[in-house]
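Taking it in order: structure first as structure tokens, then the write-up.
Order of writing sets the chain letters: A, B, C and D. Residues in each chain are counted from 1.
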Amino acid sequence: MGRAATAVAALAAAAIALAPFLAGDGFVYHVAILVAIEGLLAVSLHLTLRIGQLSLAQGGFMGIGAYASALLARDAGLPFPLALVGAVVIAAAIAAALGTVILRVRGVQFALLTFGLGEAIVLIFVEFVVPFGGNNGLMGIPPASLGPLSLQARPAFYGFALAVVFLVLLAVRGLLAGTPGMVLRSLADNEPLSRSLGTDELAWRRLVFAASAAVAAISGSLYAHYLGYISPEAFNVGATVKALIMNVVGGVGLLAGPLIGALILVPLPELFRASVRYQQLLYGLSLLALMLFLPRGLGGLLAGRSRP
Amino acid sequence: MLRLIRHAALAATILSAIAGAAGARAQAQETLKIGVLGTLTGPGATWGLAIDGGARIAADEVNAKGGLKVGDKAYKVEIVAYDDQYKAASAVTALNRLAGPDGVRFVLGPIGSASLLAIKPITERDKIVLFTASWSAAVLKDSNYIFRVGPTTQEFAPATIAWLKRTHPAVKRIATVSANDETGWNSQRIQKEAYGKAGLEVVAAEHFERQQTDFRALLTKLLAAKPDSIELDTTPPPTAGLIIRQAREQGYKGLFTKFGGFDVAEIVRTAGADYAEGVVGISQGDPASPEWARLREAYAKHHKNEMGDFVFLFYDAARLLFAGIERAGTATDVDKVVKAIEQSAPFPGTVGPLTWGGKEAYGVDHQIYTPLYLVAIQEGAGRVIGKVDLQ
Amino acid sequence: MFQQFLVIMALSAAIYMLLALGFTLIFGVMRVVNFAHGEFVMLGAYALYVVQDVLGVGYAAALPLAALVAGLVGVVCERLVFRRFVGDEIGSMIVALALAVTLKGAVTAVFGTDGPSIARPISGVVTLGGAVIPKDQLFAAAVALVLVALTHRLLVATRLGLAMRAVAQDAEAARLQGMRPWTTYPAAFAVGCALAGFAGALTAPIYGAAPDMGDAALMKAFVVVVLGGLGSIPGALIAALLLGALDAGISILFDPTLAALASFGAVIAVLLFRPSGILGRA
Amino acid sequence: MRLELDSVGLRYGPVTALSDVTLTVATGTTAAVIGANGAGKSSLLRAIAGLEPLAAGRIVADGADLARLDTEARIRLGIALSPEGRRLFPEMSAADNLRAGAFTRRAGPAVRRDLDRVYTLFPRLAERRASLARNLSGGEQQMCAIGRAVMSEPQLLLLDEPSLGLAPKVVGDMARAIATIAASGVTVLLAEQNSRLALSLAQTGHVFEAGRLARSGPAAALLNDGDVLRAYLGEEVASPPAGPIPAVPLPL
């Protein structure tokens, strides 16, 4: 993209991000907040795709973030920012520890492994009623606030979520543009070569995997403190699949792809709601059509068509 | 060229969907939207569809009489229904829609306790009135805007168990089965307590997952405790039917009671008439009564499934709400409407007077008492065999 | 209680085998992880409902017809959807997920979300050594085992089976023998989906049908196939027995959630330490 | 079967694999295709078998243009390729691999007779017929691969590097087997890095260099040609081991 095109894209992104403030409608804020939260989960999945491994456990990591943040704030009495940080640290640490073992598995096997892992995480929330509340989930999660500044009102929470998304994108871009990204690209191009060059490729992949879990945990923490209520099924593999579809719709080759996907897919059920009976069918057909006719996603359209 | 056509077709699909949604929002004016929030799909759907059916029957009646008279205006009542899929998170999103773009202040539902407890902080804060059949004890505590439309395990368990002791003196050992969530935990706890108080031994208490259909392992464990009667509690009726059938197939000869949401048609459908024979439950209405026939006919205009007894609860609740709004003279001042409803007891219900109480148990008199029948399944149909005395 | 455990384990394992067989066959031949496998089970159940309860055909005829419907839909899906993703393992997984949503949606649109009322052609029980065995479950398990045996015959003793195995192991070398992968793929899909359809049609009278019944079926097939090693049929048979034992045992002693947790734990352990499955060469 | 190639060109994306190849193999003769690694020998055989689309030119078998025929149709026409690296079905028995070779034929006495011929040609294979292909030794695998190609009853047999990675004694066995097949009237096109072996089995030889046909001539003449000797026969590069057989499950 040229300089002008980049500027136009940035302006468009800013306009879309700020649009809810102009609309001012409570439900628009609600949908916008969900776009931000689910978009973050999609970004976290995007990171795992960048290391060439489709992780279906990202919903589980979002759950770990949500439950950790909720328990830290509600039962341990930590203020929201500390609970958020704590949740991110816990999820990233779990991912780093698991990554040492599971990242050795590649390809379809890795997708299946994380599918099992994601289901297992959710089943743990269901099975251990103390402290996770079982199928009931956790209620009465304190609303978000930054010191004296309450984020309970939707516009305030949306502003906060927007800032978080922006910071996460900056961090992810830094990660992908810096040394890790370089190593990862060389891994994707020729893994044996970079391995023979002495790169500890597993360590780099583990770093990115932990970062992806951290982003998922941020998403989970925002979700918990926004809704004030969490339950296990919100974090099952279905949630990950939704994030995956966002990546596909938005374009997997583009950092903005997952967010474009979230922007389209989160409000999509609202469009089809008029016909409840056909909602799921229309949704599925649109997805199939997208995958068959726009394999590079909508982001691919924007980035021009360089592929034959 | 082909690619261009494909893109154009895709764009057209998306645009038409957007246009459709926008069109749906364009109407309104002089209509009062009443929300329905219930499980419209899956195993709990009989109850959710009962909310929707009851609300629509009541709305049809009001609209046929020229609408709701509020002050000098007449509102046409419109029902807006959302499915919570028995999931709390879906309930929160649905409520956000009802309260946001739909501008709804009065909601019938939900049934799931988790759904209700998840939305309660929002509805209490934003002053949205709920008429729920959710049975958790925590529903009415610290709430000002929630009414519970019918008696719960808490209210009827002593009476139903007394009936069991009187009519089945040989029954000594009880097993209970309930769903593994707030609804099941709460009702099972109350049942166990009440059975214990009545001097019956609870020999097994099991929980299942809502999407479960295979109960062979659970029943193996349960039947090993040799119960005389199995209490199916708040288990959704289609699931209850499967449990009954699989228990009978494993050789269980004892009694089944389902004191907590009963649906003869659903239980007979999934258990089979032979296996369902003799199952005893409670019902809001008498299936042989003319009222039942009238509502059943009206219900058939909205939903294809066989009407369940919860239609009585929500039909009456909707009528109670409409009367409250007319009496308060406002459809916007929620506090006034709540006050008006509180003051309208006893209200003429479909099968008898509705009264309310609950102050000592829940701290607020928002527990509505309705007449309750004991029903046994005989040859695939429900027969009233007694009435439950709630006081 | 132990006899009952054995009965539940054996009956479940037979159905799990059938569920897993089609899933592992399609993966073996096409390298497609068919996340829509459960939806083909669901299609079989609904097809049985339509053929038996709406059209009034007897169960004995309705059962294979229902499987045929699932198989035909499988062929159509292969042609329209999966063929474009051959060789793209991740892409085919994603498109299968989209297909699952679509099939579920299509059935919901036609039949609604409530399960239909399906007649039970077989009832009664047999008692064996203190254990009670419902006849309908026994019938389903027996048919499942027959189908497993027939599929095995198909693969080892027929031209089509030879082609399926050859394409699975080396598609290009198979072409050099005059086999056409483009006709073998739909055949594998037809067989795999018809087996799923059979599983649905066999269990529908016992457990009922619902649009989302495929999720549970997929989970079982998934666990069995991964434990047994992707694409390995003997592995799947042993893994089905193992899952049957794990499921019944833990459900009886503790609860079904813990049983599910244990089976996923086993999946994770196998993928980490023996990625080619319990029978595979580590 | 008479094989004619007319100005054949082949590309892999931007890379030219073959250009302007014109040659003829007469019915019932054996032709050797020799050249260094990457000279285009495999590409040539794959193009004839229909695995690679042509960028230019045409391939004619017994007067019929093959352009519109896919691999499967060419096999039915009588063209069989035993590919580089053998490409057996690893999880099938040797016997099933041979069965797969006869896939296009109706099962019957003719197929059974050919099976006996393969087992006579390779007695070792007969002993190992029940073993999974992945458990066979390199030589046995090569025998199985050639046998599999023979089972389709070819009139034109394309052999890609049959001696690759084999012990010298086994190479001798293989050469005798190829000579026996050729003697039965089958046209053979033999691509080999072991040029001396190939030329000694063939009547004509074709030398490839960077995707072009550098020289053609009678095999005996090429064997005695000083340039060819220096360029291709003097420096027998140690052959890399055969690629691993891709491990694909679905074993039965």
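The criterion applied here is as follows: a contact is a pair of C-beta atoms (placed from the backbone, for glycine too) under 8 Å apart; a residue touches a chain by one contact, two chains touch by 3 or more.
Listed by chain with UniProt protein names: A, C = Branched-chain amino acid ABC transporter permease; B = Amino acid ABC transporter substrate-binding protein; D = ABC transporter ATP-binding protein.
This is a predicted model, so every value here is computed, not measured.
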item	value
Higher-contact pair (C-beta pairs counted), B-C versus C-D	C-D
Chain separated most widely from subunit D, comparing mean CA positions	B
Length of the line joining the C-alpha centres of subunit A and subunit B, rounded to whole Å	36
Chain centre separation (subunit B, subunit D; CA means) in Å	75
Centroid distance [mean C-alpha coordinates] between subunit D and subunit C, Å	41
Residue numbers of subunit D (touch at least two other chains)	none
Touching two or more other chains - residue numbers and ranges from subunit C	108, 112, 230, 255, 257
Sites on subunit A at which at least two other chains make contact	126, 282
Chain-to-chain touches, reported pairwise for every pair that qualifies	A-B, A-C, B-C, C-D
Touching residues (chain side subunit D, partner subunit C) in the complex	49, 51, 70-72, 75-76, 80-81, 83, 87-92, 96, 99-101, 103-104, 148-149, 152, 246, 248-252
Contact set on subunit A toward subunit C in their complex	54, 101-102, 104-105, 107-109, 111-113, 115-117, 119-120, 123-124, 126-127, 241, 244-245, 248, 277-285, 287-288, 291-292, 295
Complex contact set, residues of subunit C against subunit A	31, 33, 81, 84, 89-91, 93-95, 97-106, 108-109, 112, 219, 222-223, 226, 230, 255, 257-258, 260-261, 264-265, 267-268, 271-272, 275
Contacting residues of subunit C [partner subunit B, same complex]	1, 4-5, 8, 12, 108, 112-115, 117, 120, 123, 125, 127, 132, 134, 207-208, 210, 212-213, 215-216, 247-248, 251-253, 255-257, 259
Complex contact set, residues of subunit A against subunit B	25-27, 30, 34, 126, 134-137, 139-140, 227-231, 233-234, 270-274, 276, 282, 286, 289-290, 293-294, 301
